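Pasting the structures in now, so scroll down.
You will see two complexes here that share chain A, one where it goes with chain B and one where it goes with chain C.
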Partner chain A sequence: MKIFGKKEKKPRIKLGKLESREARMGYLFVAPWLVGVLAFLLIPLAQSFYYMWYNIRITPNGMKFTFLGTGNFTQIWLENPEFPQQLVTYIWQTLIEVPIIVVFALMIAIMLNGKIVARGFFRLIFFLPVIIVSGPVMNLLVSEGASSIPAMDTQAIVSAMETVLPVSAAEGIGEIFSNMIMTLWYSGVQILIFLSALQKVDPSMYEAAKIDGGSEWECFWKITLPTIKPMILLCSVYSVIFLSGNEQNELITMIKDAMFSGTKEKGYGYASAMAWMYALVITLITLLFFLLLGSKKDHYDRLVKKHQKQLKKEEREAKRIERRGRRNAARMEKIQRKGKFTTYDGSGDY
Partner chain B sequence: MAAYRGHRTNPDKFEKGQIKIYIMILPMILLTGLPIIFIIFHAFKPMEELFAFPPKFITTNPTLDNFAKLAKASRSASIPLSKYVFNSVFITIVSVLASLLFSTMAAYALSKLKFKGRTMMMQINQIALMFVAVAVMIPRYLIVNKLGLIDTYLAEILPLIAVPVALFLVKGFVDQVPDSLIEAAYLDGASEWRIYTSIIIPLIKPAIATAAILVFQQVWTNIEYANYYINDDSLKSLAFYMNTLTSATTTNTVAGQGIAAAASLIMFLPNLILFCILQNSVMNTMATSGIK
Partner chain C sequence: MTAQAITKKDLRSYFTKEKLHRFMFGTREKQGAGKMIAIYGLLICIGFVYLYPIFYMISTSFMDQNDLLDTSVKWIPSHFYLRNYVDAGASLDFVASFFKGILIAGIPTACNILVDMMVGYGFARYEFKGKKIMMAILIFSYILPKQVTMIPTYVLYNNMGILGTIWTFALPALFGNGLNAPIFILIFYQFFRQVPKVLMEAAAIDGAGHFKRFFRIAVPSAVPAIVTVVLFSFVWYWNESYLTELYVQGLSGNSIWTNLVVQLKNFDSSFASKATVGSTATSLNESVRMAATSLSIIPLLIMYLILQKQFVESIDRAGITGE
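Right, the complex of A and B next:
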């Protein structure tokens, strides 16, 4: 008598026809991009990771490698006071500037999403700086002092800040004040991302909220903001990356200078070490924004998870009962066999 | 889908309620509009205004002097300007098109198709995004050298094809395309390629336009690849040429300043033109909620 079926082994899931087709198409679609990334991003990255432990000198008979271990790092931290200092300033600056850019972009986007005359023209103007800031034109503008507000006394602000904050933080803030206009110029893409996100918010939601007596302010916090939350993260990350990679960044200039300097102790290995440390810092900052703005699971997700947990518990319980049952059945059989002699010889059915 | 024109809700008339928005926006418009006006005015400044202190913003008596100087300087070079223009245009068009095609395809696959290792690929892109692009210059040179691409157009095109920022932006938009739209198309018998061309592409047009502008700038203003990977002068880009022209002259003469101003206007104009062409699709953002 077989009450409980033998525990079925979970079969190894083989992809179905559709799934394997989807996977195949996926690889096909990614392939060209992947090749490009492998050849011109990943392999160079790996190489620079390897090079940062070496001192590299380019001699007429090719490159000369000398293994340094952590030599490059100690050299950067101990003998180059400028790099750590710039790094700290950069961190402060990014942490303060990114929220400013994002909030500013969101404000502008909300205003531009409203119904105003000549909206298209305004959008164009706000997006236009994007086509300047990354070009050599920006260098010209900065050198001409067009990016700062001359009437603003930055020095006073900085010295006032220094009494409350560490010097590097105060410097970062001061730099932001002196480059206020530049911050506005940087927000073109972000405005655009927000605009497209705002237009995707379902208008009927606002209507429903209005009917229920919600004010504009409430609508913003309860409908607009939650809906565009993923885009806020996208914008922050984009801002971090943009700020860290543009040509106005002094760390970039420093790395570049180190890379092409022919001196004995600097060179490519030194520059790679710098770049990797810089990349690490950028990653940490991005992670911070991910932690702050990353999508927390909403109520529904939590419920689903709870339910799944419950199911799993029940399943475990069922298994336990099944095991117990099987054990009992075996015991019963044993007792039966002992007590009662059967003529069954195993040759088939009775 | 094609008939849907987005939320075109621009009012025809001026309304009182708009005044408060205008008051907030106008000063910002002035600030953001400044650089463009500056570039344009700067190119037409005569010598004494270029060096005026404090720097003047508006040109009082505009001249075409700077452009004449630029033309003269380029005429004396051995390679005609048109060759550089052709190089730059060719390189830019090919790399912008290729990088857009590749990154949208990859974004679609990474966001909507399920296959092994897609999260890993996204993380790779994330890492590449964080890394300073300048710092991989030398390993890239080694690879370009190994592939035998030094002194070919490919050396200037290939490294710019995989742009992490473009993929990052585009993927953010593809993620927003509802899955049900794709499923519906799938049930109707559309292949992946068909879904890509007739659903994904039209829906993420604004992202494509934005990415196009970003990539275009990166390629158009790029000096480094022409500088390090190309030895043959006749294959170098216009940006590189403009740079040498201005830097060579600024070191010894003051006239370089004027040439630099004119050159930056010339380099800036294609950006502006491309932007004006694309701005309609950038601005008229999408109607992703094709599903009710």
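Right, the complex of A and C next:
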């Protein structure tokens, strides 16, 4: 009651008293995060952007900055070929691994989505790696050779790949195949996301499709896939980010090593330059997946719109034909009239 | 001759194409046997391949030197051999690392929950200027690799003098920037948006303030989301070795903090140093390494088996997939 009374006394144009108080409470709730973002994200981001143009030496009196310009980048690209090489291998690996992870997760989710007796048990198995995957555990398992599928001849695959693809790509793919189980292990969360999404697809849609004579194969492509498309995007992005921060990834180890390297040219600035390039690559890969999979509009909306567009086009076409017909008729009439009624001087107009 | 012809004919009329098809692929009401066999076969095969590294690890960890060299011993060790576990446990400093690991994972998780829940609630319930930009920054902060901000943050912690303490994990978590915090904030955001608005309005009419509404209505209704976030946050902090080494250990080597995965990472060197002290220790072989790996994942494995239902239903109930 009090609120309304005050509002009448002092009318505001922009925000009502209630709204502005609500907004203030909103800021209060997100305030810790805002401070955190400023302190642990935006300011460090600016700092590392600043660092990457400098050579930084650590002295007892603090950090000593020497301006290099693009020196760090030329150093990385020209004199230390390992980083660019790893970067290219990383790009190849991510672009291949993410679809493998997503397709595998979707496959398992679809199989588990049917009437399965021991669904809980299988879910338990396929989610298990999520709690195990950590850098050291994975590294140890890989180094013991426990990570390749027992019956798969990886060597043959790699040598076959090398004849078709560039070396860096073949190397990456070979690594993926020899660590196939590890790649599949990253799909635990994705399986659950897909499973949860699949169970929320409206069953009446399948019923309607079946009545119209659609096979299961068609149902999958026309109903299931478009409905869970946002989840595919979500899983792809999750996989990209997970792979990027994963300790199996040698790039992040290289950045850390460069950070604490005692040599003259390496150090914080050098590592910052590396990190920025790495971040740029990851952002580009994420964007690529967004472009490929992300569309704001619903699939069915799009179909309807397409149909409407088609209808409009036909309508326009019909109108044009009609207009043309009318014009032609008028012209004909004019010509006919011309033939009938000639003016006295013969010029045709009055 | 005639009898045979009759039986063949009978068979042909009995096993029609439609019947076979129905048997294999099923009808609308019943799933076909062929399809079921295919699905179960695939699931069991993939499941075995999936768990192969774990089977390998467990089987190898019980083998002694002779079993490793003997090619006839493949899966089942010739006798029950626990020495690997004793040695590995000693090198990992298992008990101390275990409890420290619980603290390293538990304290930031607690901070994460509290703050992320508040932030998620703020984003979900209130309209204010700049909300869209903030959400964009939130997502951006998730995509951005940690390596970019890692170096200045390291310098910051160093200047604050908290390098090598648990604060390096707890402090960002207290300010909503812990490990994978954007995911948790988004989970809470999604969850609180689904809590009916009428409920909040009813409480407001009954005179509940903003904080009372949050603590009395929003928090109790968010239990499924809280469970999800607790589990994931704990597991992710537990398994983090890169940042733990960098921040909580501070790379100085004299920090008291450590957890099992970091110990596992430095296992080879610590085993070597232990082996020179104790004369009876066996030489470092893959059995010991696998025993150490098993030891480092056993705590989470037990937790997983106890809380399996919460784990596998976590994503379903946190409402990530909508509705």
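Simple rule for what comes next: the second predicted complex is superposed on the first by the 256 of 350 C-alpha atoms of A that agree within 3 Å, B and C clash if a C-alpha of one lies under 4 Å from a C-alpha of the other, contacts with A are read in each partner's own complex, and residues count from 1 in each chain.
Assume a contact is a pair of C-beta atoms (placed from the backbone, for glycine too) under 8 Å apart; a residue touches a chain by one contact, two chains touch by 3 or more.
Because the structure is predicted, anything quoted here is derived from the model rather than measured.
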Overlaying on chain A: chain B and chain C, fit or clash?
-> clash
Is A:D202 contacted by the first partner chain B, the second partner chain C, both or neither?
-> first
State whether A:V102 touches chain B only (first), chain C only (second), both chains, or neither.
-> neither
Which superposed partner A:K210 touches (first chain B, second chain C, both, neither) = second
Thinking of the overlay built on chain A, is A:I76 touched by chain B (first), by chain C (second), by both, or by neither?
-> neither
Should A:I43 be classified as contacting the first partner (chain B), the second (chain C), both, or neither?
-> both
Can A:Y268 be said to touch chain B (first), chain C (second), both, or neither?
-> both
Which partner does A:V30 contact after superposing on A: first (chain B), second (chain C), both, neither?
-> both
Which parts of chain A are in contact with chain B and also with chain C?
-> 19, 22-30, 32-34, 36-37, 39-41, 43-45, 47-48, 51, 108, 111-112, 114-116, 120, 122-132, 134-137, 140-141, 144, 146, 181, 184-185, 189, 192-193, 195-197, 199-200, 231, 234, 237, 241, 244-245, 252, 255-256, 259, 268, 271-272, 274-275, 278-279, 282-283, 286
Complex contact set, residues of chain C against chain A | 28, 31, 39-40, 42-43, 46-47, 49-54, 56-57, 60, 115, 118-119, 121-123, 125-129, 131, 134, 137-138, 141-156, 172, 174-177, 185, 210, 214, 235, 238-242, 246, 251, 261-262, 264-265, 267, 286, 289-290, 292-293, 296-297, 300-301, 303-304, 308, 311-312, 314-316, 320-323
Note which residues of chain B are touching chain A in the complex, please.
-> 6-7, 9-11, 13-15, 18, 21-22, 24-25, 28-29, 31-36, 38-39, 42, 55, 101-103, 105-106, 108-110, 113-116, 118, 121, 124-125, 127-140, 142-143, 147, 158-159, 161-162, 164-165, 167-169, 172-173, 175-176, 192, 196, 206-207, 210, 213-214, 217-218, 220-221, 223, 239, 243, 260-261, 264, 267-268, 271-272, 274-275, 279, 282-283, 285-289
Contacting residues of chain A [partner chain B, same complex] | 19, 22-30, 32-34, 36-37, 39-45, 47-48, 51, 108, 111-112, 114-117, 119-120, 122-132, 134-137, 140-141, 144-146, 181, 184-185, 189, 192-193, 195-197, 199-200, 202-203, 230-231, 234, 237-238, 241, 244-245, 252, 255-256, 259, 268, 271-272, 274-275, 278-279, 282-283, 286
Listed in rising order, chain A residues that touch chain C in their complex are 19, 22-30, 32-37, 39-41, 43-45, 47-48, 51, 63, 108, 111-112, 114-116, 120, 122-137, 139-141, 144, 146-147, 149-150, 181-182, 184-185, 189, 192-193, 195-197, 199-200, 210, 231, 234, 237, 241, 244-245, 247, 252, 255-256, 259-260, 268, 271-272, 274-276, 278-279, 282-283, 286
